[in-house]
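Each of the next two complexes has subunit A plus one more chain, namely subunit B in the first and subunit C in the second.
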Partner chain A sequence: MFERVLGGPGGLIPNAVQKRVWNVALYVIALLVVIFVLTPLYLMIVVAVQSPETLFSGGQLTLIPPKLSLDNFRTLIEQTPTVSYFVNSVIITGSSVFLSTALAVISGYSLTRFDLTGKSIIARIVLFSYMISPIVLAIPLYVIFFRLGLLNQYISAILAVTAISAPFSIWLMWQYFQNIPIAYEESAWTRGASRWRAARDIVLPLARPGYISVAIFAFAVAWNDYTMVRIVLNDQALYPLTVGSELIFQEVFVGWGEQMSMMLIMSFPPFLVAAFLQNYLLQGFNLGHG
Partner chain B sequence: MGKTITLDGITKEFGSIVAVNDVSLTIPKNEFVTLVGPSGSGKTTLLRVISGLETPTSGRITIGDKDVTDETPQDRPLSMVFQNIALYPHMSCRENINYGLKIHGVPTDERNERAEEAARSLQIADQLDKNPSELSGGQQQRVALGRAFVEDPEILLLDEPMSDLDAKLKEELRVEFQRLHRELDATFVYVTHDQNEAMTMSDKIAVMRSGSVEQFDTPETIFHDPVSEHVATFIGTPSTNVLDCEVDGDVARTESAAIQLPETASNEDRVRVGIRPQYLSVGGGEIAFDVAIDVIEPLGIDYVVHTTTVEGDKEVNVVTEEVSDLEPGDTITVGVSLENIYLFTADGQRIRAPTARQTEV
Partner chain C sequence: MGVVKESQSRISDGVEKNQLIVIALLAPLATFFGVLWFVPLGYSIWSSFFSNPLGASEFVGLSNYVTIITSNDFLYFLWNSVLFAVSTTLLCLLVGLFFALVVNRVIVGGSVLRTLMVFPYLLPTVVVVFLWQFLLDQNLGLVNRLLLDLGLISAPIAFFGDVSLAMPSIVAASVWKWGSFAFFILLANLQAIPQEYFERAKVQGASQWQQFRDITFPHLRGAILLILLVRGVWMFNKFDVIWLTTRGGPAGVTTTLPIRVYDLAIRLGRFGQGTALAVIMFLLLSMVGVVYFTVLNPEEEVAG
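Showing the complex of A and B:
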């Protein structure tokens, strides 16, 4: 409503001033967001890398560690099943990422390239199922896995976690494929390429930002999942970090330092993924507008 | 070696929409045939049916003497150039041109050789190792052309390949298409909505309207002897003038003019008279009427005088070489000789005089 009066070309405030104010505001807001996000992270790291002796020395939390120590990590690795939980996490997450991405690519391709009856209904149901809270799905899934005799195996955790990420993955891939003109494939077909060949040579390379986004999303869901895994697994040997860390935190020898070290271990893979693949993520969610 | 394409009763429906309605057409081998028509006339659909990308609802397609109706696009001996160019953005121009050869298992050396030869003939040899996104629109379309003909197709289908290019490039590529056609020894089927492209390049033109082919003839015949008002007004610039006339006995009256009708038209209530702007002359003729000048457009040697008829308020264009004594606002008399008019029924069908005088031009 102020556009005509204050901002925009021809407003009361000169363009150069507007631009400067806008830049300053942008940086101030960015700075606030960064502080808000980084403070807890900093606390986590600071607590994780100090030995218990220095952590509360002087009765206060030491915010600038005088000496770095990896004691906390050593305790976790030597006295708790952290390593095995980590491996479980990797197995469950890796399989789920693969499954969810494959499902999304195949469904997305089919939904955009074939004339299926009831296509839009399928798509709507898929998206609607994403609206349902995982805990609502958890109990029926438990019953299904129980009947199938799949409880307490990696496969049930993998399938359950994939069920959470798949609807959105499929929807995202479906949108992404819509942005790849069918003419690319048609041109390949008229030159003799089979449907499979055209999909492999033309569509998949072009869809790469899309399926990498999907994989990142599926990774985030699977790595951080607690509910599904907690319900379908009850053998401690199969627990991933999320569920396993809860058990570790109950041990008497585990203090703040060990807890934060555990948090750091858990956050490390997502951090790596974000750091290396964020460009793809942005491209993927841009859906061809960029 | 080009092949003859025979379409026999091709109909294509999309749900309740009939895109192509019972088209039968024989496209002779090695000819340059253009499908032209306004948007929605079914020309692209017809091309896609020929390519195999669409399956006809009914009818048969024969290429050479082989019935290909049930064959996939992969198995038909043709190449296609698309309206949106559709170069693969993740491949270099060389790979784009090579891709079809690669699929057919041609060894790398030969592939490169043929791509380079194609690129040389299209004057894009130095662009071969660039990405398509680094090229201009015209160069991209040349690459698209190159990848279509590098495989030596028997039939080349072109779906509005120039609709996104500017006028200068269109002229260049128009020459390119004709040169390729001469060199390639292939049947060309070219789709466009631009009658100018159709007139300048084709051996034969099929004028389409709402899913049907109205006339299939050489450009000269289409221009001088249109079968309907639609063909007459669609082909030629400026567009053919059409005047509405009342029939009074054996005379059609319009404005200030009266036209002696042939016997074949005597049972019509109204007729429509088509006059090409090029045949109208300032000052009068066998049929003359008064018009008021609105705008005079110079075209270089000629001028197009846009006028409205004094009585009926109909737009009439006149092409003339001499405009020095004409001013917008003036009322002038224009005329045409009887043999240079077309008569149409009220619904646009051509009425021919019983004597066959209209074919020789």
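Showing the complex of A and C:
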């Protein structure tokens, strides 16, 4: 049926008309998607930068702020533990990014530079592990960390988050090293360079876009994580922003403005990544379907 | 002669040294999977045979599994999980596909549109949930205001609290966040199609629809399959977006298996049953994993 209507020469709808309809449809869809994506982001910013007086001044939400104000941020910083939660987020995310990336680089290098039997089994384990639900891993980790007395230590959150991000990081790095020809190193070896020197001076610089992609991915997992940290961390003083914001929102004086400001603070590092490092992120998508 | 001998002995030295290096370099990988994956999963399986491993544990055999599978809720929660996974994945795929086709076409503004799509993917789920709760709020939400102004509804709706609307609302928020996953993969695949194919098709008088069907779609088939499988599994596994919006309510309409695992193990303290359900989830996903490995052969990329 499609064929008779939409076919080429002799189809019911001529190609030129089809082309015009298609082009108009594309731009309409683009516009709808842009509105769909932008509306929540715009609301976040507009609510965060208004003082409570102007926010509901007309009885309804003010969509175009008459006056900008940073009061909400001031309230959060002065009267709530936002800053210390932010620091916790940085500690947990930073450590996890480092661990995940280092593990990925070392594993990717060794899996591509040596003849090993059972590589496809390792590949399957790596791939299969990122199909397992984080919650399935979080529950036993909670009990194990409980037994080890680690529920009030950063290390339990760092390890739990790394467990989630590392399999994909390893996969990405493995593929990336696969694309760096071993010939460069071999020529360095014949000129007397040690394995370590060849790896450090030749392979690592070539792999730079790869491990930056990996680090961004590990960052996104760790900074965004809620599930793992909520389950394996018992000490409220160590909570990152994602989990800690829930506690802050239970305070009496916190309204929509402060809550949106909190969301904006939490979104700020990802915004920076999106603005300056998105090409590395996209490279990760192209390589390993992140 | 002497030179050859010397280099041979250097090579055999090298082989032994290499083995040590390999072991040293693969130790972190083995430790990682051993400590953070195999031990916890093994522990889960072990716990699922006991009544309550945290207190006085008692071996109960398969009775945790029997309790879960024979309970009336199990199939309902499984259905919720599948419903959530399938609807979000299909919508993500549709939104991603259309938008990738658009961005691939437009000459001006393509990179701006691309950057725009990066934001939702990178924002923490906590933020996404909060934004959608605000958007759909009963008193202040823009959506209610719009629907009221248009006269489509007579009273504001509590989207996340409504039995029939809670699941679609979570699906909408999820598509907003994860739609760009499909978008980026499809865009990369679109851009890899050689332009000559389309030129030649145009010369031969092929219509837009024929070009899509015979050139674009076959090139995207692998990516679409991958998105359906991987995104589907990840959505099936989602805990945070549902937990943060509805806690599995109202009346359990948004309770999926991951939410149930948390409820059983952490909230209700029935640890044995919680881990048994986790193991059941693991087995279900293993079946999808088998499909993934046989259909797409992903490991060939590195070990083929």
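Note that the second predicted complex is superposed on the first by the 250 of 290 C-alpha atoms of A that agree within 3 Å, B and C clash if a C-alpha of one lies under 4 Å from a C-alpha of the other, contacts with A are read in each partner's own complex, and residues count from 1 in each chain.
What we mean here is this: contacts are C-beta pairs under 8 Å (C-beta built on N, C-alpha and C of every residue); 3 or more make two chains touch, one makes a residue touch a chain.
All figures in this text were calculated on a predicted structure; none of them were measured in a lab.
Asker: Compare subunit B and subunit C by how many residues of subunit A each one touches, and report the one with more.
Answerer: On the superposition, C touches more of the residues of subunit A.
Asker: Tell me the contact category for A:Y184 with respect to subunit B and subunit C: first, second, both or neither.
Answerer: In the superposition, A:Y184 contacts subunit B only.
Asker: According to the stated criteria, A:V214 is in contact with first (subunit B), second (subunit C), both, or neither; which is it?
Answerer: In the superposition, A:V214 touches no partner, neither subunit B nor subunit C.
Asker: Let me test your reading of the model: by the given contact rule, A:G192 touches which partner, first (subunit B), second (subunit C), both or neither?
Answerer: first
Asker: Is A:L206 touching the first partner subunit B, the second partner subunit C, both, or neither of them?
Answerer: First partner only, subunit B.
Asker: So in the superposed three-chain picture, is A:V97 touching just subunit B, just subunit C, both, or none of them (first/second/both/neither)?
Answerer: Neither partner.
Asker: Determine, under the contact definition given at the top, whether A:W174 touches first (subunit B), second (subunit C), both, or neither.
Answerer: second
Asker: Per the contact definition in the header, classify A:S110: touching subunit B only (first), subunit C only (second), both, or neither.
Answerer: second
Asker: Which subunit A residues lie in the overlap of the subunit B contact set and the subunit C contact set?
Answerer: In subunit A, no position sits in both the subunit B and subunit C interfaces.
Asker: Write out the stretch or stretches of subunit A touching subunit B in their complex.
Answerer: Residue positions touching the partner: 181, 183-184, 186-194, 197, 201-202, 205-206.
Asker: Going by the contact rule set out above, which residues of subunit C touch subunit A in the complex?
Answerer: So the residues of subunit C in touch with subunit A come to 18, 21-22, 25-26, 28-29, 32-33, 36-37, 39-41, 43-44, 47, 53-54, 95, 98-99, 101-103, 105-106, 113-128, 130-132, 134-135, 140, 142, 145, 176, 181, 184-185, 188, 204-210, 223, 226-227, 230, 233-234, 236-237, 239-240, 243-244, 258, 261-262, 265-266, 271, 274-275, 278, 281-282, 285-286, 288-289, 292-293, 298-304.
Asker: Show which residues of subunit A lie in contact with subunit C when the two form their complex.
Answerer: Residues 2, 6-9, 11, 13, 15, 18-19, 22-23, 26-27, 29-30, 33-34, 36-41, 43-44, 47, 56, 60-61, 102-103, 106-107, 109-112, 114, 116, 119-120, 122-125, 127-129, 131-137, 139-144, 159-160, 162-163, 166, 170-171, 174-175, 178, 195, 220, 223-224, 226-227, 231, 241-242, 245, 256, 259-260, 263, 266-267, 270-271, 273-275, 278, 281-282, 285-286, 289-290 of subunit A touch subunit C in their complex.
Asker: Where on subunit B does subunit A make contact in their complex?
Answerer: 51-53, 72-74, 76, 78-80, 82-84, 86, 88-90, 99-100, 103-104, 147, 151, 157
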